[in-house]
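Read from first to last, the chains carry the letters A, B, C and D; within each, the first residue is number 1.
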Amino acid sequence: MSFLLGHFNYLIVVFLMMGGLWITFSSRNYIKRMIGLALFQTSVGLFYISLGKVAGGTAAIVLDKTSKAGEALNAHLSPDYVARAGVDGVVYSNPLPHVLILTAIVVGVATLAVGLAIAVRVREAYGTVEAGEIAELDRTEAGPRA
Amino acid sequence: MSEVVTWIGSSLAVAGALAAIIGSLGVIRFPDFYTRTHAASITDTGAATLMILGLILISGWSVLALKLAIIWAFIMLTSPTAAHALTNAAYGAGERPQLGPWRLFDRDRKEAER
Amino acid sequence: MLLAAAAAGLMTAMALGLVRALIGPTSYDRILSANSFGTKTVMFIALIGFVFGRPDFLDIAIAYALINFVATIALMKFFRYRSLQASLSRLAPAKDTGADAGGAP
Amino acid sequence: MPSFATPLDANTIVDIALLAMLAVIVVAVARTRSLLTAIILTSVYSFISAVWLVVMDAADVSFTEAVVGAGVSTIIALGAILLTRSECSRIPWRETLLPLLLVTVTGGLLVYAALDLPSLGDPSAPANIYVGRLYLQHAEHDIGTPNIVTAVLSSYRGFDTLGETTVIFAAGLGVALLLGFGERALQDTPRPSMAKMAESGQHVVLRVSAKMLIPMISIYAFYVQFHGDLGPGGGFQAGVIMAVAIILHALVFGLQETMESIPPQLARGLSAFGVLLYAGVGVVNLTNGGNFLDYDHLFPRIFEEGLPDSHLVGGHHIWGQHFGILAIELGVFLTVASTMVTIFYAFAGRAPDLSPHGEG
């Protein structure tokens, strides 16, 4: 039970990633594929953040342990644990995954836009964004219009 | 004194949460888009007001209270406007409210599906 | 404790609100539900800071309230005009009418 | 290493509930054939994951996910389906078998690997004890900013962030090269039918609200920008929020009016200037005898000693780091904001091409 509790996040994240991947693989529509890819990417972010969580921790913005918030946070934790896991008497979650995913999200939307732009151009050249129809057009006609 | 204020604030927050639940139930149960908008938009602003008032009481006279007041002002500005814009778009696009006694709605829908 | 109950209630409301976004039937219902979900998210973020004892992150809730609105407006324009570029105020395309046509009296 | 069991506290319960909602949404997105529904559900997905990120202590990431996922990417995807179509074709069930097999096998392997991972929240997990802990211990002393995410983002890993900013700039350039900057399409704007426009009246409510909101959103963007050292926020978030303000203006008052006040040329110029500013700060450090993007050498030593309360003479302010972070965050802000605006111009400014294939 406690094992399941500790690994629930990873299992769900794998499910979300595979959901995104399935959309990307199975769909014939380029826009839908990009949506699937975006979901996949967000799920990877969730995985990173899961790894960086520290139980009883708080956001990595420096907090004085004698302040009201600091005392409220430490009230639930054993002093032993705070001494082992904390920095200057406050337990923080790991900031490194946050940094990586923060930039990855913004880069993700920029690259999503590139993918969608290519889909729009494909639509203008072929009149469709369905992979099957495009393959059919390539076989029968002389290829793209423009 | 401050404990009483905190208690009142927490109660207001619970009331806000209840209002949100009622609103969500309304959104699920009501028969057509316009009644659902009614349920959602009224309870959104109402629940937000109750909850933020409660949190302001808890946080006391601080910068947190100011931020909460700003959040409240934004919700009061954006949520009704969004609801208005949405119903306007829906009406303009041809979505019409269902009129008449509400028992008929389910039958109508079933007939339409048939 | 009461605050935790409020958070649980809000979570229930979010889950219930999600139902309408999933079952539709029209796209307007979904947008309505998404918009209402966004407002509940704002409240939840504000509340969760108090529940967990570090209410410093209200800034995030402000951003949610604003973004929620802009996304809804974009969706509304999608339905109403089938275009993201049209102006809401002018009765005719901007190019032909010149600068004075859109002005309010 | 002491064994660790994830406690069943409020944090974990909220975590489980939110992740369950995410799973439901992914299934719904996979099942729907309407792309519009998929986009709406994806925006709800972003909202839920943003709440989840707050619960997981990632306040900065939550900020970004909310403004990017629910805001900008929804709008861009809407622009894309306006230019293509909003339905996808039905997939015959036979064709889903191979993807299903692939996904099941991959997922099975990943689950098998995930079972070996440390429990959620383990403070002595390998990911949490090496460099992340070092940053936590030294950031306030080295950099002097309370927000450690900002310190790592812009100072310790400043080179990485320069790369990310360049990628964003390049992506914006790519979109503009594919779809144009929006000027071309404005010349042959499709005319919405008069009857449709007149029916809606003038949208007074929307216009007045937008007039009140746009300045407030802009001010808020600057607050996020300059408050980023102290609380959640920074150049990435502020840039996207600023772009959202401009996009709201374009949505309500029309693209042409927005392009008159913020011309596409300005947007693309600023987008390049931001990257240049970022890299320029690095070069200034080089000329003052430091490493690239090592802000301790941003100012000549003799100048920094003269600044009030400088750490070089036993004070509290590490001025080089303060100003270095300020400058590169400004670069990030300019690049992100103007790239998002350029992307929006490109999608919104392109006239839908109405060919017999796509009836949208």
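We take it that a residue touches a chain if its C-beta (ideal position, glycine included) is under 8 Å from a C-beta of that chain, and two chains touch if they have at least 3 such contacts.
Predicted, not measured: the structure shown is a model, and the values here were computed from it.
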item: Chain closest to the assembly centre - both centres taken as Cα means; value: D
item: Chain pair, B-C or A-C, that carries the greater number of C-beta contacts; value: B-C
item: Where subunit A and subunit B are represented by their mean Cα positions, the distance between them in whole Å; value: 30
item: Computed distance of Cα centres, subunit D from subunit A, in Å; value: 12
item: Between subunit C and subunit A, distance of the C-alpha-averaged centres to the nearest whole Å; value: 22
item: Multi-partner residues of subunit A (each touching 2 or more other chains); value: 58-59, 61
item: Multi-chain contact residues (two or more partners), subunit D; value: 11, 59, 79, 196, 200, 203, 206, 213, 231-232, 347
item: Two or more partner chains touched - positions in subunit B; value: 74, 78, 81, 85, 88, 92
item: Contacting chain pairs - touch in the sense defined above; value: A-C, A-D, B-C, B-D, C-D
item: Contacting residues of subunit D [partner subunit B, same complex]; value: 196, 199-200, 203, 205-206, 209, 212-213, 216
item: Residues of subunit D that touch subunit A when the two form their complex; value: 4-9, 11-12, 15-16, 19-20, 22-23, 26-27, 29-30, 35, 38-39, 42, 45-46, 49, 52-53, 56-61, 64-65, 68-69, 72-73, 76-77, 79-81, 83-85, 88-89, 91, 95-96, 98-100, 102-104, 106-107, 110-111, 114-115, 117-125, 127-128, 131-133, 135-137, 139-140, 146-149, 152-153, 157, 160-161, 164, 167-168, 171-172, 174-175, 178-179, 230-232, 234, 236, 240, 336, 339-340, 343, 346-347, 350, 353, 355-358
item: Subunit B residues touching subunit C - in the complex, by the definition given at the top; value: 7, 10-11, 13-14, 16-18, 20-21, 23-25, 27-28, 33, 36-37, 40-41, 44, 47-48, 51-52, 54-55, 58-59, 64, 67-68, 70-71, 74-75, 78-79, 81-83, 85-86, 88-90, 92-93, 95
item: Residue ranges of subunit A in contact with subunit D within the complex; value: 2-3, 5-23, 25-32, 34-36, 38-39, 42, 45-46, 49-62, 76, 81, 84-85, 87, 91-99, 101-114, 116-121, 123-124, 126-130, 132-133
item: Footprint of subunit B on subunit C - complex, ascending; value: 2-3, 5-10, 12-14, 16-17, 19-20, 26, 28-29, 31-33, 35-36, 39-40, 42-43, 46-47, 50, 55, 58-59, 61-62, 65-66, 68-69, 72-73, 75-77, 79-80
